Each structure stands twice: as structure tokens, then as C-alpha cells.
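Attaching a single structure in C-alpha cells format; questions to follow.
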Amino acid sequence: MDILIINGPNLNLLGTREPGIYGDHSFEVYFKSLLKAYPDHALSYFQSNHEGAIVDRLHEEGFEPGGIIINGGAYSHTSLAIADAIRAIDRPVIAVHISNTFAREDFRHNDFLAPVCLGMITGMGLDGYRLAVDHLVAREKELDGQ
Amino acid sequence: MDILIINGPNLNLLGTREPGIYGDHSFEVYFKSLLKAYPDHALSYFQSNHEGAIVDRLHEEGFEPGGIIINGGAYSHTSLAIADAIRAIDRPVIAVHISNTFAREDFRHNDFLAPVCLGMITGMGLDGYRLAVDHLVAREKELDGQ
Amino acid sequence: MDILIINGPNLNLLGTREPGIYGDHSFEVYFKSLLKAYPDHALSYFQSNHEGAIVDRLHEEGFEPGGIIINGGAYSHTSLAIADAIRAIDRPVIAVHISNTFAREDFRHNDFLAPVCLGMITGMGLDGYRLAVDHLVAREKELDGQ
Amino acid sequence: MDILIINGPNLNLLGTREPGIYGDHSFEVYFKSLLKAYPDHALSYFQSNHEGAIVDRLHEEGFEPGGIIINGGAYSHTSLAIADAIRAIDRPVIAVHISNTFAREDFRHNDFLAPVCLGMITGMGLDGYRLAVDHLVAREKELDGQ
Amino acid sequence: MDILIINGPNLNLLGTREPGIYGDHSFEVYFKSLLKAYPDHALSYFQSNHEGAIVDRLHEEGFEPGGIIINGGAYSHTSLAIADAIRAIDRPVIAVHISNTFAREDFRHNDFLAPVCLGMITGMGLDGYRLAVDHLVAREKELDGQ
Amino acid sequence: MDILIINGPNLNLLGTREPGIYGDHSFEVYFKSLLKAYPDHALSYFQSNHEGAIVDRLHEEGFEPGGIIINGGAYSHTSLAIADAIRAIDRPVIAVHISNTFAREDFRHNDFLAPVCLGMITGMGLDGYRLAVDHLVAREKELDGQ
Amino acid sequence: MDILIINGPNLNLLGTREPGIYGDHSFEVYFKSLLKAYPDHALSYFQSNHEGAIVDRLHEEGFEPGGIIINGGAYSHTSLAIADAIRAIDRPVIAVHISNTFAREDFRHNDFLAPVCLGMITGMGLDGYRLAVDHLVAREKELDGQ
Amino acid sequence: MDILIINGPNLNLLGTREPGIYGDHSFEVYFKSLLKAYPDHALSYFQSNHEGAIVDRLHEEGFEPGGIIINGGAYSHTSLAIADAIRAIDRPVIAVHISNTFAREDFRHNDFLAPVCLGMITGMGLDGYRLAVDHLVAREKELDGQ
Amino acid sequence: MDILIINGPNLNLLGTREPGIYGDHSFEVYFKSLLKAYPDHALSYFQSNHEGAIVDRLHEEGFEPGGIIINGGAYSHTSLAIADAIRAIDRPVIAVHISNTFAREDFRHNDFLAPVCLGMITGMGLDGYRLAVDHLVAREKELDGQ
Amino acid sequence: MDILIINGPNLNLLGTREPGIYGDHSFEVYFKSLLKAYPDHALSYFQSNHEGAIVDRLHEEGFEPGGIIINGGAYSHTSLAIADAIRAIDRPVIAVHISNTFAREDFRHNDFLAPVCLGMITGMGLDGYRLAVDHLVAREKELDGQ
Amino acid sequence: MDILIINGPNLNLLGTREPGIYGDHSFEVYFKSLLKAYPDHALSYFQSNHEGAIVDRLHEEGFEPGGIIINGGAYSHTSLAIADAIRAIDRPVIAVHISNTFAREDFRHNDFLAPVCLGMITGMGLDGYRLAVDHLVAREKELDGQ
Amino acid sequence: MDILIINGPNLNLLGTREPGIYGDHSFEVYFKSLLKAYPDHALSYFQSNHEGAIVDRLHEEGFEPGGIIINGGAYSHTSLAIADAIRAIDRPVIAVHISNTFAREDFRHNDFLAPVCLGMITGMGLDGYRLAVDHLVAREKELDGQ
């Protein structure tokens, strides 16, 4: 199964930025462990601080089979453009947040991406990405089994 | 690892109630498959339509080691008493919703339990419980490994 | 026709509590007159101050034929759990308030039960229960006649 | 007993307009059946799309004995002038809505007429008018009996 | 000086309606005393319960010299159409309320007419009309004197 | 094609009223030029300051073939009755505003008519009516061509 | 009759401050003309920029016979202490604003003093004080006449 | 004097739960010292995590002479049912909070119980219960003395 | 122990002002009885209608040992300056209201002083001051005992 | 006349994305028909999913003669940067939406671009672009004719 | 150049009050260093905890040449009277806050003084006063140079 | 000291765009004068209309010693992504606005960047940048001196 992980703004700083909230592992290191854990699936990874670039990427890959995992970062709370892009494409998308956004500032409680995704996983740390991959794989199996 | 699943109001009707939203499996059937999938862990299950009974149960088991998975149902959006109970206990709690509450009525977007839990998993169907179990187990391993 | 009347919190005090607003008849006395007025129908009556007990009762009888009349009392304005229970069951439900809730405090203007019931009758005093019974009977006749 | 039914804007289209919501009977046909059902009472009927005409009519008949049933249609949600007229007159008034306004758009949840009437009946279809007539008659009997 | 008094909905009931708030004199009686008090000025009077009729009248007389005194009644709080009519005409307009609208229900605190008039007089009883006439006359004298 | 133009309150003053905002042509003069520009279509024109009269007219012509162009003036921002009338009829309706209502006072930003029309044209001056006629004609051609 | 005029903050600058809004006469000059116009009444005048001093003055003179005219200036929109003082005393109070506060900034639309006064006169320029004096005198005559 | 203390949800954990906020004494220990301090009065104590059980208890004892002290815990901020129960009974009730709820989360600032009690004592720690007892006793003495 | 009681605006009128709400005893009389009740403590009393004077007094005595009891009156609901002063000083402060502010107008429900004090006592009448003194004394004893 | 059409995010998917709302024609095909319809004018077309790129383009061409038509897509509801760019340039701009944004989700009702454009055309499908071109041409003719 | 610095409530406690937020220097010491740094300018300093005294001072010096620097303290967030005073005078005013008010409590985000001043400097510590002096001097030079 | 100035959207038009608000100097010319004024410091300058490009630049230089001055333009009011970037980096940042944003449209009053910067300087024209540089230099000196 093809699974694309999209990380939004400031997530390139993982491991550097506010480690009390986001942990001290860079995403690249984590992603390698994820590749190892799912040797039978094609996982790819894209990060951008540009709202438009995320929209572009969703368009490019959004009509392919597989799944998408998106951590929109701050754009989760402000970007109707990304939400519209998710609404426009065919491929199932899961929203992930590393920290528990509901335990943080008020402006992080409103999420434009969650309602247009299959669902959301928040507050599980980097492990949230693994859970999302796991669910996409399980879901495909179930759909295939029907 | 001891993992207690608490289901809130109306979740006893799973499989019967609005299958378009909640699916057509009863929770009991699903729970059996979960027990099979995690033979090395002690999973237990409690359902109540009574806010006070959920608070009572959280008190009883909230100072034991292990984890708790709570699907507060409608009480997620109205019960400060359950939120206070989660805040008061030691045991880590994960909030789960079967449907994507953010894609439904406005009153389901406000969640009193999510901010006092480790995090939340929504919209993954019954599979959300498995992901929560999985995360609790993985998290314990990581803490043990430290 | 089987018709269950559910009365919510503090309605056990009818006749005692604020007679200027709620009248000075106890519900039991009124219910007897109602039984007399509808000798051909099976009317039953349940009162509880417990939100969960009301949810339980709706589940127990909500998949039977007939109708339900609910005066949620204060829970009308706070209980999403009862609203979800009404949404989940098959049996038609009518919401009743004895006083005109719209002429009282602001917090009584928001009603979580009304939108998930067939409709609502407010401000008709105890006579509102009779009107609700009457409508359920008339409605069944009309459905039967189709 | 003299009972005046006042129907507000667009209710002249009953039977034609959105039958999924309002049914497919014209009010005139329904009114005839109502006349038959209450041969001992003087029922009359007035419809207008003009807010001012409804205020005028309330003034003309509002100091006579009997009762008034008003379905303010959209003016229920916008007309303080009609609400003030009801407040100004002596004759008891009941508010009726054919559909369950609380299950529809947000702007139909605010009702300026309900708080100044005896009470409100919503969502009972055309049968709501009959229930209102019934209550006015029952109420008069009770007042007479005191 | 030509001075037109426009009274809005329900003000035809003055003397009859809620005398505790509006007093027990009909406007006609009061208006006669006003005519006597200002023998050198041409005072006229118009009342309507129809928003559109008030707009029509403002158009008809709004480009004549003189002044207008408007008690919009409930339309003060809902009618942008009357406010737009006042904005459109040349003749100075003063808003009057008999009761102190700020000491009454919340919905009477918002006034669409006040901001497009010269100013507003509230809570002075019927005497408010006399004060408004007086000010229009004094104002004209002052403008003439410049 | 039959096209009815309905102008709401204060639009009879066009050319007279606030020319800085609404221009200095009367609508009658403009309407003649419109008739000339569309010799093959039956254009008619109705203006009223009465909310109820606009509702009446929509009912009278709303079940005929053709199109309607409505400039609700201030009623656009307050009249649920007109919105309900548009919702109730079959004939396609386009909302027009001469000025750019979004660049004016806050209370003009909320438009009750726009959501129940095909769409809205604002800020194009009187030319907005021509564009609306043009679209109705083009739309009919396209529907005929299907 | 004893009539005390209280002017709040910044009104000592009348004639100097923003003459486009407040005119170019100092209040002292205006007050002399007022004294001349009412030779049979005892008018006095107090101005302070101190909220507490206005409260003090209301206490000192608030239990004497006569009337009070208050232009609270900016304190009208922020001072619950002055409002409480007016509520506490016996002497009738009229609120006056020189400019039409409803045609100005939003924060001037909320008035804490108006609801606890007999009523309010706004937008009549300095003439508003004369109208208030006039009403107090007329009101006393009427009360005496009863 | 009979004084009943009712403690709401999570207050059974006193001494265990968040000692930084609630202190490290269990309520039972504290209650014993209270009994000693008021040997001439009949103090009793009830705790429940069930909203309905608190309503039930208020009904049972609410028509007896004496006083009630209620710490509604989280239900203070969500339970209209308990507020209605207090409104319905005769016995005077004082609301107590151990912590200063106004210095904590926003959702603890709204208190449904305070407006229907005699008054409220917050932020005095466990000593708040003693002050409430003291006031009830003093108040009875004063009433007796009248 | 040194205990300073600060009373805010309009509280000098106690006994005179709205006795239905505030009772008919002057504070001076009450204060004498308080002095008698606590012969071992140094109680002093200050009242001002000036926000600034209350801030000044808090500064003067706020770094001394002992306690302060403040009834901010209307300033409780508007004065951030007094709140900042309490935040700035060392001496513990208790907020008192004679009436139950939560049972009165909405604007009395927001309290700027309560969150920066130890806590608040409302609705206990003048007895609230005694309770506050009592708590300050008991609290000191407890701190000394540690 | 030089007319630039700017399409915002996700509009590159026209014909593919949600055809029920946006139709099944790609914009490129439509644009060709537009070129044919206006052979005497220089029409150009730019699409980007990048907010910054749209701002850049507005700067580049915003000081040239001609007109601009902008469909900001989701950025219409979130981008103050594009609104500021339109405010900053000289060239007249018309806002276009293909669907009737007012009949869709609430977040599409707020439009930051409409108030800084000449006006807006919504809900006319792709034909909205033609109407905008038409108006720009007509407007230039009129300005030239003055 | 004459520059007056006005400090509002609680700023007399600088150095004493919450040193974590406001630093541990008294303003007097800082002011001396400022005098040294600007030997060619006439700097003066005024502090008051009284809103009215600040208004008085602004009136006294507000029509003199030079500049004013105001740190309104808590009055920045509540005083329309001071804002009106600044609006009324001729002399340019700059608002200063020592701490970053936007990083603190919500009620400090609303600033009534900032919109009527030239601008605002926040969060620069005591150095903010120097920057304000510097800007006033630079601005005068530039105006002189024109 | 290394000081980077970042200018956000539309600030490349300085001197061209709305000179009444932003002045008629281009930023390049101003920046040269700034370089001259601070010959001992390394000032650099970056402008972009792309939110993502500003985030990128903050990441690149945000972990270097020195300071950053940011004028986020419209992104100040909409970009949580830039705010998160500032929060994530180590280098101190000062927010600058040329105009007094608090004296302009409501949507410019909310600033996402100010709370995560050291502080903000608004309304000082281009001189605000100089003041920010000055403060960064002074602040470093002070830190060095500790």
C-alpha cells in the first residue's frame, strides 16, 4: 500500500523545537524506524512550510490509490485551502497531531482538517503516525475482504 | 498490562443504533476479537449510561497500574465531572470516538475529556480501540526502556 | 396503543414545587385521570431524577411499538445523552413541558430533546400530556389509514 | 367559544410549498375538517403575508372573548411588532408550527412569539391546530369550573 | 413649521395597552393638547402597523421642509427599511420612545432608527413628543439666526 | 423569456437617494434601456416598500416559467418571509445589489436572500440587473441545449 | 424646583474639544442662558473628571427634593458605580448626551446610566439640557396636579 | 439545628486528588473535627458522584427544618437539575467550594448553584464548610430573635 | 491580628440604600458589634467611592502583616486597577459581597477581584464580614501552627 | 482591454473536483470559449495554489490599465494578504465564485476579498467569469463616454 | 522639547510589585537616568492611581507644545474617559507598556488608549519610555524639517 | 550585532501603496539610512509575500545570535505558522507595524505575532524599525553587562 506522510509548517524542526512538547527525535530518524516496521508498504514523506506546496502535493498524489497521513501543524487551524484540497481528492486522509492540541492554546482547538479527513489522532507523540499507518493498512484489508 | 475500556451512554446499542454512523457490530463481538489479538494483556470492559457510575469506576481503578480507554459518548461533550475524575487519577487515559465527531453536529466538536487525556483517536471506527490499546502497550514499553 | 410517559428530574415534586409555575396537582392524580380518559390504550409512567436511568428506560422500551412522551425537565437543557438515546431508538417521541419554557430563564430556551423528537408541546400545563397522547393516537390512526 | 386561527407568510401555499416539510394538504381543506370536528365552536381563519395586517387583525379581535391560534411562519423569528401586539391584547394566544422548527435551520430556533403566548405546539403537522383548539376549549372549561 | 409625527405598530392602542408602561391616555387626546400648545405650527399625525406604509409616508413627506418625529415602536428594533428611508430623505427626524426602552427587555436596547436620526428621547412618557417638537422649533430658529 | 424584476424598499428613490452610493439615474429610465437591449424577452418590473407585497408577488408569479431578479434592499438583511417565499417557488431567482454591500455597514453583510437564490451580483451598479438578465437567458439556453 | 446638572469627564473642555461633535460654546456660557430661561427654578451645576466625585455628589444631593440631569460622558459607558449611586438615591435623574451617541463608535452604544434614569435625551446638542429641565418641571407639575 | 453537608463528584477523593489544589486531608477527618466544634447541632454528611442521587437527597431532606451546605463540585458548573432541586425545596442552602474557582479554568466561573442558594463561599479551603455552618446557626438565631 | 475592611462605592449608604437588598443597618453600627466580637484583634475600616483612593489604601497597608477584607461594590465588576493592586501586594485579601451577586443582574456576575483574592463570600448579608474575619484569624493560627 | 483572470487554490481541479458543486468542465476549455467570445480584448489567465504567488501577480499587473477578475477560492475566506494587495493596487478587481458560497458552509460566508473589490458575482457557475468580463468592458465604455 | 510622562495605577510600586514581570528598578531611579540621557529636553513625570487625576493632568498640559508618554496601566483596558481626554487634546501621545501585554491575560489585550495615540510600544521593559522619548524627538525634527 | 529585518506581504510596495497610511518612502531607501545610522552592526533585510518563505527564513536564521525585527503585514493577523516559527526559534524577535493598527479595521487588532515576540512597536512610521534596532542593541548591552 502507498502511504504518503505530509508534515506541515515547523515540523522540520522536530527534535530541535520545544522538546518538552514535541520530543527530541527528528522526524527523519523516526521515519526510518517506520520504514523498517512496514517493509511491505511504500511509505513516502513530504514536509513543507508552504500552504500552497501542501495543496499542490495533495493534488499530485490525491487521485492515486493508497492513503495519506497529514500533520497540518499550524495550518490545521487556519487553512481552508488545504481542507478544500482534501475534500477534492479521492484518497483517504488521516489527520495526526504529535501533541494533544486540545490541552494547549484555544486557537489549536479549532481544526479545519479533521472534519474532512477520515478521523484524527492527537497526543500520541510520534507514535500517532504509526497508528495512522496501521489503521490505513487494516482498513484496506477490511475493504478488500468485503 | 491491565487495560480497562469504559464506554459511555448509548454505546450499549452498538450494532443496533444508527448503523450508518456506528457500524453494525455489537461491542461485545468486537471486544472478543480484541481479547484474542492481545492475549498477553488483561483487557476488561465496562459500559454505563450513568455519568456517576463512570466517575465511580474511574476512581476504583484509576490508581492501579495500566491504562484506560474511554469513549465518553455524549458525556464527552457535557461532563465536567468525568473530566475532573480523569484529572484526579494517576492512570493514563486515552479518549476514543468511533465516528469522526468533527464531521458531525457542532455540539460534538467541544470535548471536555480530550484535554485531560493523553490524547484522542476519532473516526477510525471500532479499530480506534485497538489503536489505543496498541499505543498504551507501546508507550509502556518505551517508559520501561528508559 | 402503548404509550410511555417519562418525567425527568424534580417532576416527582409536582404539586409541591413552585405551584405558581407548575400547578398544585401531583402527577399521580393527573395520571389517573389520563388513564380514565384513554381506556383503550396502555399508558404507563416512569419518573427519575437520574439521567442514566432515563437513558436506560428509553433503551428498554425504545424498540417496542407505540409512542413515548418525555418531559425531560432540566435535562432537556443539558443532556446530550438523552438526546442521543432518542435519536437511537425507533419509537416516536414527543417532548412536553408543563410551563412555557420560552417565557422563563434563558437557559431553558435551549432544548436538546426537541430537535430529535417529533415535536414539542410547551406551556399547556398538565394538559400538554393529554394533547401528546391524543396526537400519538391520531398519528397512528393516520399511518394505519395509509 | 370563538377561536380565530391566524396564519402568517407563505402558509397560503400549504399543499404546494415544500410538501416534504409541510405536507400536501391545503389549509382550506384542513380547516373544513376542523369546522366539522368542533361544531359547537365558532372557528374563523385569517391568512396574510403582511406583518402589519396580522398586527391589525390581532388588535381588532384581541379584546373579544375566546382564543387565538397563531402560526406566525417566518414572522415568528423576526417580528417584535406581532409579539408586542400579542402582549398588548387580552385574549389568550397559542403559537403553532406545522414542522418541528427546532429540527430545522438555526434561524428558526429563535421564536419571538412563543414567550408571549400561553405556549407553543411544534412538529405535530396540521394536527397541531386541532390540539391547540382542544386545549383552548379544555382550558375555558377548567376556568369556568373554578 | 410643518411637523409630522409618525407612530409605529401597536401605538394605536395607547391608553388601552399595558397602561403601567405606556400610560392611560390615548394618543389622539394627547395630540389635541399638543396642537393647542403649538398654535403657530402645522402638526400632523400618522399611525400605522405596516412597516411599508411608514416607509411610504417618509418618502412622501421626507423632501418637504419642516421636521419629523418618529416613534417606531417595535420596528425601531427590527426595521432596516425604515432606517434606510430616514437616511434617504432630507428632513430632520427625531426618534421618540414613551417608555425607557433601556430599562426593558434586551431586544429593545438595539435601535436601528436612533443612529440615523438627529437624536433620541426615551422614557419621558408622552411628554417626549412635546420635547421633540420644541427642539425642532428651537433648532430651526437657531439655523435661521445663523 | 419572462423576466420579472422586483425592487424592494427605498429603491423607488433611485436617482434621488444618496447618489454617491446609488447613482443619479431613476430606475424607470434604466429599465427602458434594458427593455431596448432585450427586445426578444418579456421584462417586467415591480417595486414595493411592503415586505408582504413582495411575498405576494413572488407567489403570484413564482410558479410561472422564466426568471426573477430581486433587489431586496434592506429586506435582504431582515426578511425571512421573503427568503421563505423564494424557497417555496419554482422559478429561478437571482439576487442583485447596486452597491457593494460588503464594503458598507456590518448589518448589510448578512443576506437572507442570497442563500436561497441561484446566486448574487453586488456592486456592479445598475449594470448588475443587465448581467442578471443575461445570465438567466444564457442559463435557459444551456438548459434547453441539454 | 431644585435642579442639579452633573457633567462628567472631559465636558469641562466644551467649546475647546472636537467642536465638530460638541459645538463651540463653553458650558458656562450656555448655563447662564439656561439660568435666564428658568428664573423661577434653582439650577446648579457640577463638573468632575472623577468617577468617585460624581458618586459623592449624587449621594450628597440625591435625597433632596428636585431633579438631577446627568451627562456622564465616557463614564456613561463604563461606570457601574455611578449607575448604582443613581439606583440608590430618591431624586429623579435624566441622562443627557450632547452628541448622538448611537451614531458614533460602538462602545458609546452601551449606556449603564440610561436604564437607571427616568430616560435619556441624546443628539440634541446643548439644547438637550433645556429639554431635560423642561421635562422635570412639567413632570413635577403633573405629579402636583394629581 | 440540623445541618446536612452534600459533597458532589470527586470530593470523595479529597486528600488523594490534586493536593496542591484541594489539600491533603480527607473529608472524613475534617468532618469529625467539625462535629466536635458544633456539639449542639446535628451535622450529617452525604457524598455522591451521581447527579440524580444528589437531587434525590435534596428532595428527601429539603422540606425539613435546618440548613444544607452543598459543594456541587463539577456539577456546580453543569447541573440545572440540582439547581432546580434547590429552587424547589424550602430549606436554606449555602454553596461552598474548597478552592477559589474564579482563579481556575474558565468553565469553573459559571456556577448554576450559586444563584439559587443563599450565597456562596469559595477559596477558604475546608474552613469554608465551618463558615457555612456558622452562618446558618447565626442566621437562625437572628430569625428566632425577630 | 491587623484586619482592614475596605468598602467600595455606595456602601456608605448602607441602611439607607435599597434596604430590601442591603438591609437597614448602617455599616458603622455593624462595625462596632464586630469590634466587640473580636477584642483581641485590631480591626480598622475604610470606605471610599473613589477607585484611586482604594488603590492608594491597598498600597499603603498592603505590605503590612495581617489581612484585608474588601467589598469592592460596583468596582468589583469594572476595576482592573484594584485587581492589579491586590495582585501587587503581599497581604492576604478576601472579597465579600453583602447580597448574592449571582442572583442579581448579569453584570454583577463577572468579578475582577475574586480571582486575585484568597476567595469570596457572597450573599451572607453583613455576617459575611464576620466570616471573613474569622477565616483570616483561623488561617493565621493554622499557618503559625505549621 | 487587458483583463487578467486569477484563480486561487484548488481551481486547477475544475472538472475533476466535486462536479456536483463545480461542474464538469475544466477551466482551460472554458477559457478558450471566453477568448472566442471577446476577440477584441486581451484576456489572460493565472492559477495558483500559493497565496504569496497570487499577491505577487497582483503586484506585477495591478498598476497596469485594464481589469482583474479574481476567484480567490478558499483564500477568499482567510487571506487578508490578498485583500491588502487588492486594496494597494489601482486596477479594478471583481470577485467571482462559481458556486453560491452563501448556500454552503458557514465559513464560506465571510469574504475578505469582496469588500475591497468593485463587487462580487457568486453562484452563476463558470458564466460568472463572462459576466465579470462583460461588466469590466461596459464600465470602461461608460467611463470613456463621460 | 517638553515631554510629560504619565504613569497610571500601581506603577508607583515599580521595583516592588511582581518583579518577574515589571523588573526591580523603581521608576524614580529610571527617570533620573532618562533625564541624564536627554539633557536638552524638558522631561517631567506624573503618577496617579486616580483615573480622574490623569484626565485632569491631560487637560492641563494637553494644549501645550511637546509630547506625552502614557502608561495607563490597568486603565488602558477600562478607561474610556482617559481615551476621550487624549482624543480631545492637541499634543501627540504615545502609549507605553513595560510588559508585553499581549502575552498576558486576555483582558490586557484590549487597549482603549492605543487607538487614540500615535502608536504603542509594549514589552520593551523600562526601555520603552526611552524609545518613546526618542521617537517624539525624532518626529519633531522631521516635522520641523518639512 | 546581527539584526535581520523581515517584511511581510505588500510591504514591497512601500512608497507606492496607500501613502496616506504608509508614507511615500520605499523601504530600500529607508534601509540605507538605517545602515548608515548603525555602522557597527550587521543589518540585513528580507521581504516576501509568501507565508512559507517567511517561516523558512525564520528557521534558517533563528538559531543564530543577534535579533530579528518582523513586520508581518497582513500575516500578523492570520498566520499561526509564523507565530509557531517564532515560538520555535531562540533569537529574540520584535514585532513592528508602520501604521497604528489599533486605529484601523477591527481585523488588524488581533495580532498572532505580538504575544510570541519580546514586544511590539506600532504607529511610529518607518521610525519603528530604528527603535526596534535600538532596543535590541540596548538589550544586548544590558544582558552583557549582567
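The letters A, B, C, D, E, F, G, H, I, J, K and L name the chains in turn, as written, and every chain counts its residues from 1.
The working rule: a contact is a pair of C-beta atoms (placed from the backbone, for glycine too) under 8 Å apart; a residue touches a chain by one contact, two chains touch by 3 or more.
Keep in mind the model is a prediction, meaning the values are calculated, not measured.
Along the shortest chain of touching chains, how many steps lie between chain A and chain L?
The distance in steps between these two chains is 1.
Could you name all chains that are in contact with chain J and with chain K at the same time?
For chain J paired with chain K, the chains in contact with each are L, in label order.
In whole angstrom, what separates the CA-based centres of chain G and chain H?
Averaging C-alpha atoms per chain gives centres 47 Å apart.
Centroid from C-alpha atoms only, then distance chain B to chain E, rounded to Å. What do you get?
Computed value for the inter-centroid distance: 63 Å.
Go ahead and note the Å separation of the Cα centroids belonging to chain B and chain C.
Centre separation, chain B to chain C: 32 Å.
Mind checking the centre-to-centre distance between chain H and chain L? Centres are C-alpha means, answer in whole Å.
Their C-alpha centroids are separated by 54 Å.
Can you list the chain B residues in contact with two or more other chains?
50-53, 78 - these are the residues of chain B that touch more than one other chain.
For each chain, which other chains does it touch, given as pairs?
Pairs of chains that touch one another: A-B, A-J, A-L, B-C, B-H, C-D, C-H, D-E, D-F, E-F, E-G, F-J, G-I, G-K, H-I, I-K, J-L, K-L.
Okay, in this complex, where on chain H does chain C touch?
50-53, 55-56, 59, 63, 78-81, 83-85, 87-88
Show which residues of chain E lie in contact with chain D when the two form their complex.
Listed in rising order, the residues of chain E that touch chain D are 8-10, 12-13, 16-18, 48-53, 73-75, 77-78, 107.
Report the residues of chain K in contact with chain L in the complex, numbered from low to high.
94, 100, 102-103, 111, 114-124, 127-128, 130-131, 134-135, 138-139
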